[in-house]
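Quick heads-up: structures coming right below.
Each of the next two complexes has chain A plus one more chain, namely chain B in the first and chain C in the second.
This part shows the complex of A and B:
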């Protein structure tokens, strides 16, 4: 049944593009929105057990192995939420109908790829879905074909290609060791023969490939350039789901379902996570370009997710997954805010901006909410996920990393407050005296995402009871 | 039902004080009448209760703690004395306070103080006593603070010093309660062992600081010049002495069995002698009527502490007798100071002079009280001092000699004061000074007569009041009434007084006027440097304490700055430097990024495979 999550977007893409292309142009937007709404409904329904039937029942005659678990559902949910927000923002920002249609077509591919990534139980299919998503994102980034963007995307392609090669090598080695490609089969073999040189080598290579895809320090070189030069909706998409799913979610799958996740690997994960958290936050603090600051902040927040994963206990993995979802919500919101500012003020240099909160109250407020959630202020959603991660680190005995996570939270707050002060607070400058809020089309996604952040933060204690972790 | 009457001396002044606060400011007469009425009522209650013997015990706070009040000869005596002074001083204040805007507050605080003193004296439970005792701290603060803009500093000083010593007493009460397993005073009987001595010392600190002994004295001279004068006559001179010495006597006689030759006894005697001498030396050089008196208020406490500290019957009887005598003549002296201030407009001895002819009644009262404090026979001070000397001699010659030396300086300073204020030439602005009005004279005359009465007929206070307190067992058949039996001591005292007179005549002749009569002592070789430092308050424990606190606060401030620097400067700078360093590494070259990634991978793989 869940195969539909992959097949429906692909099928839609073909139908929309083939015979009656001119007629379908208007329908594409609404159709994608309907698909996303359905996905949100099904994912939430599955997690909380709304349905009486088995969603995993295979659809004949295809026998393609998929499996839905809470893990995958969180990925499906984040994908749907972020894609929805990006779709709304793109409709407002991209004025030409033809361009928008192409953009939406690419979003269908991304949707298919991400859903497949979330649901697959086979390491080779995983690789295929990663590539589908990544390649679609290359095209999306270079959508405007400007020089800076092309340079950035070139860096991304090079590093991504390296990661692809490494991944294939690793998959080949796993196949060599176990003779199969499904997660459970490989896992069964690896449990019996842990710590063999070849398994460790393959695992290391795979992990590093995912670090590159996820943009963790020091594998992150491509990330700041791409995030800051890509069109605003694409930045939101990249930061919100693509790098998170392709890199971090896959890393979780690999570590939890495939390899034997024990001490030396944990140490690597923890160290890389901590490095990303601290160095990312420090780099973000020194930025004057709004989007570049968000890019480094993204590295830092991904570090938190990885730290939670590195704690290795159930609490840590749950915190990581929850932070992944929260991050996709608040970071997309921040990128949409940055788009609004760039669109209205014509610049995203924070030193040139100032005092915008009087003229752009909605943008200012949603930006503040997302910033505070990122910094982990109660009662917003980001507070809970960071709290769980810190608790998990403490419970697993990594006291130093727990303390580091808390201190980096202060640093996060510092650079976001500084951003808020430089962009929104204080006296408005003369050249921005006539500035206005962007249209409803751009405010709506920011408001929706902020509402999710606040709402989830408020009802989280209740959710915690229901989640079956 | 009869025992509930014990609430009357506590609650009645309190209710009437509230009434005074409520009376509108315009009805000055009503206010004054109310104050006099309240003091009179209190006196009536005190007379009714006098020599009564009532115990009131009510359940309180649970855990065996009872709110108990006990009226017996000692407490009824203190209550009667308080009521008497309260009445006389209220009467006196009617004239003195007229036209002063804080009069209403003064009457109210006076009545509240009376209520609290009654409570503290009656309380037979240490916790209840502490409650009333601490309340008195507030009225002292309030009464000094209403004196004007400079008074606030003096009030704060009083609050801090007495507050700290009360804290000691609180600890002492806790320790005593722990050791004795009860807080009921009449049931406590502790030996002076190691912990017992600690509790004893802590309690003593509270008692003698209330009485104004050194080294807890330094707020009294400051308050004397700032606070309203009737306050000085009433609280530090009379009330707090009564209360402090009362508690001291209870501690030494009832709660702990203070024996002669014990270390604690010697400690008390040393405190007594030191207080006598140092305070009187300071009194000698004062050039202000009120300030000079206030130093004597400190010095005389020394005799009481010395007397009780001897722990022999004569000394204890002398100490307690001196307590009541001192309250009488010192309040009398303060009242003469108030009369002089009211009539001549100043208490600065440089501006006074020749008042004796213009204010004859005041002058006579002054002479009687001054003779009394100096220990001239046949006034009351003479008899109580002789008893203290007797006790001190029994314990050691040194204590006796020093105490007599104190007497010499007391006499000298009062000769100087009387000479400077009432004799000599009157200055021009004093020409029109008249005698004080009757309501001010009456209390002075009554007090002066009591000075004579308690001297000539000393059997009345000694047989009637003091000796029952000490008890027949401890008295061991002594009877101290009548003329001192030891004629040798009397002769020595008279010789010392004559010496003081000679010294004064010599000094006055050398200095040319009464006020300079003590200058030859002031300018004596070693003394002059010590005096200079003392006048700069270098020896004031309060100032030393302030300095220590100042140093401590400076250190704390530095620490605070350091922490601040860490947060405000160091941390952001460190973050800024590392932030710039990280940004410099991001040059934008993809080959560099590729190298980072591959190096990272190499390290990860080596780490992982190495662990196999």
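This part shows the complex of A and C:
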């Protein structure tokens, strides 16, 4: 049943493109929206156990090794939410019909790739779906073919290729050691020989590759350039889904289902996470370009996810997964807000902007909600995930890292408040006197994402009771 | 004796790879890359992996090289002066490389690798159809999506440029 999550986007893509392309152009948008809504429904229904039938049942005659668990469901859910928001924003921003259709076709590929990533139980298939998602994102980033973007995407391709080689090397070593490529078989072998040099090398190499793909701090060189120069909907997509799923979700899968998640690995993960949290926040505080600030903030927030994972206990992994979902929601919302500001004011330089809240009240409010959620203000959703991560770090005895996470939270609040002050508060400058809100098409996704942030924050304590642990 | 032959082939492959990286002409670089993968496929054949060797030979040596060479033939080569200018600082960048390789080799020779592992027997399935359609069918779907992705990339990024 869950197989359809991969096959349906694939067949839709073929059907929409091949026979009656001209006729299908208008249908593509609505069809993708329906698919995403269905995905949200199925993912939520599975986690809370709405359905009486087994969603993992295979469809004759295909026998893929797919398996859905609560882990994969969170990935499916965040993919659907962010893709939906990006789709709505793209419909408003991209005016040409042909261009929009191509954009939506690529979103279908991203949907198939990231759903496969969330559902597969085989390390080689995982690699293939990572590549599908990344390659589609290369094309999306260079969609406008501007010089700056092409330079940034070249950097991304080269670093991504290095990560790919490392990943393949590691998969080859896992295959050598265990003779198979599915998660459970590798895990069974690795339990018996935890400190073999080959296994440690393969694990380390795979983790390094995922750090590059996720843009964590020592490997982040490509990320700020790509995020800040990509077209606005693509930035939201990259920050919300692609780097999170390809890098961080895969890291979680690897550590939880495949390798032996013991102390040496935990220490490395904690260190890299803490470095990203602090250095990302400090770098974000020094930026004047709105999108670049968001890019560094993204590195910092990914650091939180990795810190939660590094705590190693069930609470930490849950916090990490919850923060992954929250981050994809509020960061997409912030990138959509930045697109609105750039579209209406013509600049992203925060020192040139000012006093926009009087003229753009909706954008200002959604931006404030998302910023406060990122900084971990109660009762927004970001507060709960950060709280869980800090509690998990404390419970696992990493008191220093827990304190660091709290202090970096204050730093996050500082740079977001500074951003709000420079962009939205104060007296409006003369050149922006005639500015007004963008159309409904761009306000809708930002409002929806903000509603999710507030709603999830309010109902989270009740949700926790319903979840199947 | 057989292992020595493998090592000779391996060294040949490394030389061809070095040629691919170091040569000044893009075309020769493409040919050297094809040569590298051709030697690699010989090595694979010798190590009892005939299927991998066939794929390596047909895809990497054949198909990819054709793509590379046809693309290179569309570009404009540098003038002689520009090549000389490029070559000057080209080798300077690599002068520490042999030293690093030798030092790393000496360092690694002190490390005793004890795998502590009982390796499983290699897979005995030789029927490609069975492997591709029964065991790795999900990867086949992935392959189809990758191909579509490539097609879209070409259409979106290069189609308009021709119009201009």
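Some notes on this structure:
Here is the rule we go by: the second predicted complex is superposed on the first by the 469 of 469 C-alpha atoms of A that agree within 3 Å, B and C clash if a C-alpha of one lies under 4 Å from a C-alpha of the other, contacts with A are read in each partner's own complex, and residues count from 1 in each chain.
We take it that a contact is a pair of C-beta atoms (placed from the backbone, for glycine too) under 8 Å apart; a residue touches a chain by one contact, two chains touch by 3 or more.
In this text, all values refer to a predicted model and were calculated from it rather than measured experimentally.
Looking at the shared chain after the overlay, A:196 reaches both chain B and chain C. By the document's definition of touching, of the two partners only chain B reaches A:224; chain C does not. In the overlay built on the shared chain, the residue A:105 is in contact with chain C alone; chain B does not reach it. In the superposition on chain A, A:282 contacts chain B only, with no contact to chain C. By the document's definition of touching, of the two partners only chain B reaches A:265; chain C does not. With both structures placed on the common chain, the touch criterion links A:204 to chain B but leaves chain C unconnected.
Taken together, the two complexes place residues 195-197 of chain A in contact with chain B and also with chain C. Partner chain B is touched in their complex by these residues of chain A: 154-155, 158-159, 162, 166, 195-197, 200-201, 203-205, 207-208, 211-212, 218-219, 221-222, 224-225, 263-265, 267-268, 272, 279, 282-283, 285-287, 411, 414.
By the touch criterion stated above, chain C contacts chain A in their complex at residues 113-117, 119-123, 134, 136-139, 141-146, 148-150, 152-153, 155-157, 160. By the touch criterion given at the top, residues 575-576, 578-580, 582-583, 586, 588, 590, 592-594, 596-601, 604-605, 607-609, 611-612 of chain B touch chain A in their complex. By the touch criterion stated above, chain A contacts chain C in their complex at residues 6-7, 10, 13-14, 62-66, 102, 105-106, 109, 112-113, 116, 120, 122, 124-125, 128-129, 131-132, 135-136, 138-139, 142-143, 145, 176-180, 189, 193, 195-199.
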